[in-house]
Structure formats: structure tokens, C-alpha cells
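Consider the two complexes below, in which chain A is the common component and chain B and chain C are the respective partners.
So, the complex of A and B:
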């Protein structure tokens, strides 16, 4: 089983647009939306949800106001400033370490489990899919990403499918680390803007740290040809292949607005052809690994 | 006055709005709290006058004292410690630096060492006071780094905070305590879906907010219908224009490429002032 993960560093470069197109162009795979902060892939793949489960991973401290002696020990040991002067725990700041609970001399503190989000197993026109939504203002996005990947692996095994395509989160932090670790190949979607280049360098370095081979796609390449040139020469120096360049095309936005998958959207079809060609190259590379 | 600029979806134009507000107004400070991918410096081109390393304490074991009782591994709620035969394994990427293991080790065999999670750079660019955090690659502790960046707030200025994308804890940290939050979106189903999440988050934090529509097609009915139903003000629309995208790609702000935008952002600020009464 092989996992392909689509990441970008910078947000809004076109990860989900490409992930949905790859879903429509391929067989033999499970789709996994690991952008659990702001999952969007389901808007394009329109899945039929078969099963929904709660994601319960964290706990927060609760102080019993009646027995509390106001000794201040909990406030002194808490490193997250989660306990107010009148001994109320702010669940948004509490990281569930239980330090206060363990130090409280009269056991006035107990822990309560929290629902941090939900995850779904679904069926789409293009095969099985796993996706999730982290609750707003929640932590542990990395854990939810790992869970989505594990469930996708299970589904792949059960259905005898050989590939998993992961729509990854933006950034280079905790959820991205969880999305790329152990994957066989990363596709990095960038754009020829100063911000895009800056973020590309960081995500490339991260994939290197995790020893995940990477390919690069330049989206909206003709927006700034000079920057596109710079991206290509940078990638060449880093010995990273640029597998495709997608033009800045109003049709892409039209497809997005219509909630349609790019390669299925009727337009002049040029961009669709380019994306189909990119998928061929990516898939060939994946097979070689 | 502190204005935070956020969005559920990435790439909607948070940095564009934050940078242009900072440039259009006088006496401003720009704090880039998108520590995973900070981009404001590309537009403000600040002279960095100070660099600060941000560290968190991570546990280490004094093997002269450790008797491998395994209590630390049981105590750690994050699974960051494993005790195997004659060795204590510590996984820094899982550790939250809570300090429990240090205090509760019966042999007092655990001590802490500072490890860098990122840096903060402080300076000034184009008349705007500037600070940003840069998360060390591989570090999972964006949230505490955001907290540190916010400590450089200069309350004598109008502070503009550029938040990370998403709705999880580092975003909450960047938005909480602000006087107002601008939610930047785009008129697409993705934009709407992620805007709803951002609205839910901002309501939970309890910060007043309004919407900015970027890449507007003039109608934006998908966002308008939602905003009307939810009674959320739409404060600004920036049109979908290739020229704007090209200027952005070169690292040039709106107010620099078209002077009329100065007035647009000043009006936006006056509007926000009216709403929060500051």
C-alpha cells in the first residue's frame, strides 16, 4: 500500500482542487482528507457518509468550587495559565496534562473527557473516503490526522486497494507533520508568488527532514513567469522534479464556484488535459517507489 | 485597538488585508502570528533589529538517580515518555512541557533543558512596527510561539495581528483578546464552508467580527446570503483582478500599487472603530 500526500506550505494554492481531480482520474485508491481544520474535499467529491464517529482525545481539568481551599497550588503548577484567579479552568487553555489534578491536596480537581471533533467513513463515486472535522477552537489536530490516515489504511486493506491519496493541511506544523510522516510520496502545490516561494522552501525542507520524496506542481504559473523560473531553478538545485505547470485560468475558478471537479468541468478542456498529464507523471513516479 | 485578521481557509488573503491595513493607517504595529508560514515580511520588508530565540523546557533524565520505576511514563498524558530496560525514551515532538514528570518523579531524576521551538524577529518596515514568529521546522508547538509573538504588542499603536489559517488552538491564541476580528473569505463553496467554521470559532471566543470578501466577482451571492441570514456585516470587498494577483506575486501591497486603496482601508478602520467604540 502506498500513500501520496498533497501539501503546500501556503494555503489556497490548489491542494483540494488537485486532490479531487486525482480522485476522478484514478482507480484503486482510498481518499483521505487530512485538512481536519478546514476540510473541503467532501464539497467536491460529494460523499455518501456510511459511518460517523466522535473523536475524543483530550481532557480538561474541572475544579469543584465547593471543596476548593483556594490554596493556589494548581495555579502555581499550571504552565498553561489555564486556571483563573477564582479557580475556574478555561477549557480553551487547558492542555489536559493532569498536573493540577495530581497536585491538589484535597482531590478537588477531576478530569473530563472532551469531544474534539468527528470523523466519517464514506463512499464516493470514486471509491471510499475518510474525512474529519476538528471541533472549532480544539487541539490535537495532529492526532485526528493520524486517525484519518489509519482508517484510510484499514479501508484500503479491506477493499484490496493499493493507494491512498491524502489531501493535506496547509502550513508546516503539527498536523502537517502527522500528514506526511511515513508517506511514500509528497506532491507540493505552489504558486509563483513571493509568499508561495517562501513557503515552498519551508515545506520542501520539512519533507526532507521526514525523508519523504517530493514532487512540485506550479499552479497559476503564468501569473509571474519570472517567479516560476525561480521556482524551477530552485527545484533543480534541490533535485526535486517539477511535474507540471497549470496556467491561471478563469475556468478553474468557475469549476470551483460550481462545486465541480476541475477535470470534469466542461470548459475548453485545456487545463483538464494538463492536470490529467500531471496525474500520469505523479502516478508513474509513485509506482516506481 | 487590536484587530486580528483570520480565515478558516488558507490563501484567502489574510496577509493582504493585514499588511494593507497596517500600511494605510498611521502609528501601527503588525504582528505575524502565522508562525508556520509567515509572509507579511515579504510586503513590509522590515529592517530586523532584534532576533530572539524562543525555547520551551523539555525533560531529560539523570541516570545517576533514575531507578527505571516507570512513573514518568505513566504520568505523561501525551505518551512522550517510554521506559524500557535501562533507558528512558523521551519524544520531544509529543511533549507539551507541562512539567509533571519533573515534579512527580520519586527519585527527582528528571530535569529540563530549553529547546528552541522557533524565533521571533522584531523590526520596522515602511513605517510599521513589525514582529513575526518563525516556527522551527519539525516543531509541533505553534501555539506557545504565537503567545510569545503577542508579548511584543505595543499598546500605544494600532495592532494588526495576522493569524494562521484554520480554527484550531494557534488560531484561537492569535484571535483571543482582540477588539475586533476580520474574517477574510472568497465567494466559492470552499470559502463559505471555511468561513462558517471561522464564524463559529470567533463567536466561541467572543470577539466581535465582520467579513472581508476577497476575489469578489461583484455579486458574491454565496457569501452575501449567508452573511445576511447570520446578520454578519460585510465590511469590504476586493475584486478579482489579475493585476492585483500579479502585484501580490511580486510582493507589492495594494496600497502601493494603487493609492486609492489607502482610503479604502482607512474607511474600513473607521468602520471597525465605530463598531467597537474605540
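So, the complex of A and C:
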């Protein structure tokens, strides 16, 4: 079983747009949306949810109102101003550090696990899919990413599927580490802007750290030919293959607005062909690993 | 020498888990006697910063080498600062095999 992870460094470069098209162009795979902070692959793949589970991870403090002495120690030690004047912990502010629990002289404070989000197993037109959504104001989590990947691996085994395509999170933080580690191939989607270039360098460093080979796609390449040239020259020096260049096309936005997958959108011609071509190359590289 | 292996279970015959930060256990093996002890990895249940929590467990246990599959950048830096050597080609075997493969190479 091989895992392909789509990452970017900079956000907004087109990972999910491409991931959805790759889903439509490929067989024999499970789709996993690991951008749990801002999951949107399901908006394009339109999954039929088969199972939903709670994701329970963080903890918040709860004060036993009956025993509370109103001594104010907890309020004084809390670094997050999470405890009200009448000694009620606000779960939105509480960071779960447990300092109050430790300092309460009569042990009137205990921790309760919180539901931070939900994850789903679903069926789509293109095969099984696993995705997750964190709750409002919940912190992004490498643990949830890890869970989504494990479930995708289970599904692949159960259904005898040989590939997993992971729509990864943006950036280079812990959730991205969790999405990249152990994958066989990374596709880095970048764009020809200064932050696009800078963040391409950072994400490439990360894929190197995890020893995952990377391919680069330059999206909207014709918006700045100078920067595209710089990206290509950088990739060449780093011995990283640029596996495709996609021109900017308002048709892509029209497809997204219609909630349609690019390569299936009747309004678009040229960019669809380019994306289909890119997928052939990516899949070919994936098979060679 | 004291070797730590990132593992899917708590014995020498369990599979190596290639993920340093989120493996369920670390199995500590003394290479001469093959005496071992398994410790649950606090990073496994962590929301974030898993690998640094895992590195902390190793820091507290006087280990010379860790055998694993892949390590994040912050964790690697921490382990290097602690003087723990990191070997990242241990996937796909049991803990026992990973240790003996490593010792054979030396």
C-alpha cells in the first residue's frame, strides 16, 4: 500500500482543488482529508457518510461548586483568565494545563475530557474517504491527523485498495509532520509568489527530514513568470522534479463556485487536460517507488 | 549499550513502529543481555508536539541510541542535543530483529 500526500507550505496554493481532481482521475485508492482544521475536500467529493465518531482529546478543568471555598487560589494561578468571579471555568479559555487542579487546597477541581471534533468514514463516487473536522475554536491536532491516516490505512486494507491520497494541511507544523511521516511520495503545490517560494523551501526541508521524495507542481504559474523561473531553478539545484505547471484560469474558480471537480467541469478545457496529464506523471512516479 | 526502539507493542517480538513521535511504546533494550523494558510513549496521545514529548522519555532513561523509522525536525534536534544517536532505518521488523540488525552492522 502506498501513500501520496499533497502539501504546500503556503496555504491557498491549490492542494484541495488538485486532490479532488486526482480523486476523479484515479482508481484503487482511499481519499484522506488531513486538513482537519479547515476540511474542504468533502465539499467537492460530496461523500455519503457511513460512520461518525467523536474525537476526544483535550481536557478542561471543572470546579465542584458545592465544595468550593472561594479562596481565589485557582483564579490567581490561572494564566488564561479562564475562571470567572463565581468560580466557573470557561471551557473556551481553559487550556487544560491543570495548574488550578494542582493548587486547589481542597481538591475541588477535576479535569474532564472534551470533544474536540468529529471524524467520518464515508463513501464517494471515487471510493472510500476519511475526513475529520475540528470543533469551533479547537486547536489543530497532529493526533487527529494521525487518526485519519490510520483509519484510511484500515479502509484500504479492508477494501483491498493499493493507494491512499492524502489532502494535507498547509504549513510545516505538527499536523503537517503527522501527515507526511511514513508516506511514500509528497506532491508539493506551490505558486509563484514570494511567500510561495519561501514556504516551498520550508516544506521541502520537511519532506527531506522525513525522507519522503517530493514532486513540485507550480500552480497559476503564468501570474509571475520571473518567480516561476526562480522556483524551477531552485528545484533543479535541489534535484527535485517539477512535475507540472498549471496556468491561471478563471474557469477554475467557476468550477469551485459550482462545487464541481475541475476535471469534470464542463466549462473548462485546457486546464483540465493539464491536470489530467500531471496526474498521469504523478501516478507513474508513485508506481516506481 | 542501551538502545531504545519505537514499537507497536511492549515486547521484543512486537513490530517496530516507524513513527518516533507517535509510536505506542518505546522498548528499551540492553544490548549485551537483551534485557528489556517497555514504556508507553506520552507522545502517542498528544494533541501536538508529540515527538518532543517522546524525546523527553528518552532523555530520562539514559539511552545511547534510538532505532526508529522517521523523526521530525524538532525531535531530532532535541535528541542530538541529548547525545542520543538516531538511526532511522528500523521499520518493517520486530524489535528483536531491529536490535540484532543494528548490532550486526556495528
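Following the convention adopted for this analysis, the second predicted complex is superposed on the first by the 245 of 289 C-alpha atoms of A that agree within 3 Å, B and C clash if a C-alpha of one lies under 4 Å from a C-alpha of the other, contacts with A are read in each partner's own complex, and residues count from 1 in each chain.
Here is the rule we use: a contact is a pair of C-beta atoms (placed from the backbone, for glycine too) under 8 Å apart; a residue touches a chain by one contact, two chains touch by 3 or more.
Predicted model, so just to flag it, every value in this text is computed and none were measured.
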Simultaneous placement of chain C and chain B on chain A, clash or fit: clash
Partner chain(s) touched by A:168 [first = chain B, second = chain C, both, neither]: neither
Touched partner set for A:209, first chain B, second chain C, both or neither: both
Which of chain B and chain C A:128 touches, first, second, both or neither: neither
First, second, both or neither for A:244, with chain B first and chain C second: neither
Which of chain B and chain C A:141 touches, first, second, both or neither: both
Which of chain B and chain C A:57 touches, first, second, both or neither: second
More chain A residues in contact [chain B versus chain C]: B
First (chain B), second (chain C), both or neither touched by A:195: first
First, second, both or neither for A:177, with chain B first and chain C second: both
Which superposed partner A:47 touches (first chain B, second chain C, both, neither): neither
Overlap of chain C and chain B interfaces on chain A (superposed complexes): 139, 141-142, 173-175, 177, 205-206, 209
Residue numbers on chain A that touch chain C, as the complex places them: 57-58, 139-143, 146, 173-175, 177-178, 181-182, 205-206, 209-211
Contacting residues of chain B [partner chain A, same complex]: 8-12, 15, 35-37, 39, 42, 75, 77-78, 93, 96-100, 103-104, 135, 137-143, 164-172, 176, 187-190, 193-194, 197, 200-201, 204-205, 215, 217, 222, 240, 242, 245-246, 248-251
Contact set on chain C toward chain A in their complex: 18-19, 21-22, 45-51, 69-73, 76, 88
In the complex with chain B, residue positions of chain A that touch it: 8-13, 16, 37-38, 40, 43, 59, 77, 79-80, 92, 95-99, 102-103, 133-134, 136-139, 141-142, 169-177, 191-196, 198-199, 202, 205-206, 209, 220, 223-224, 227, 248, 253, 256-257, 259
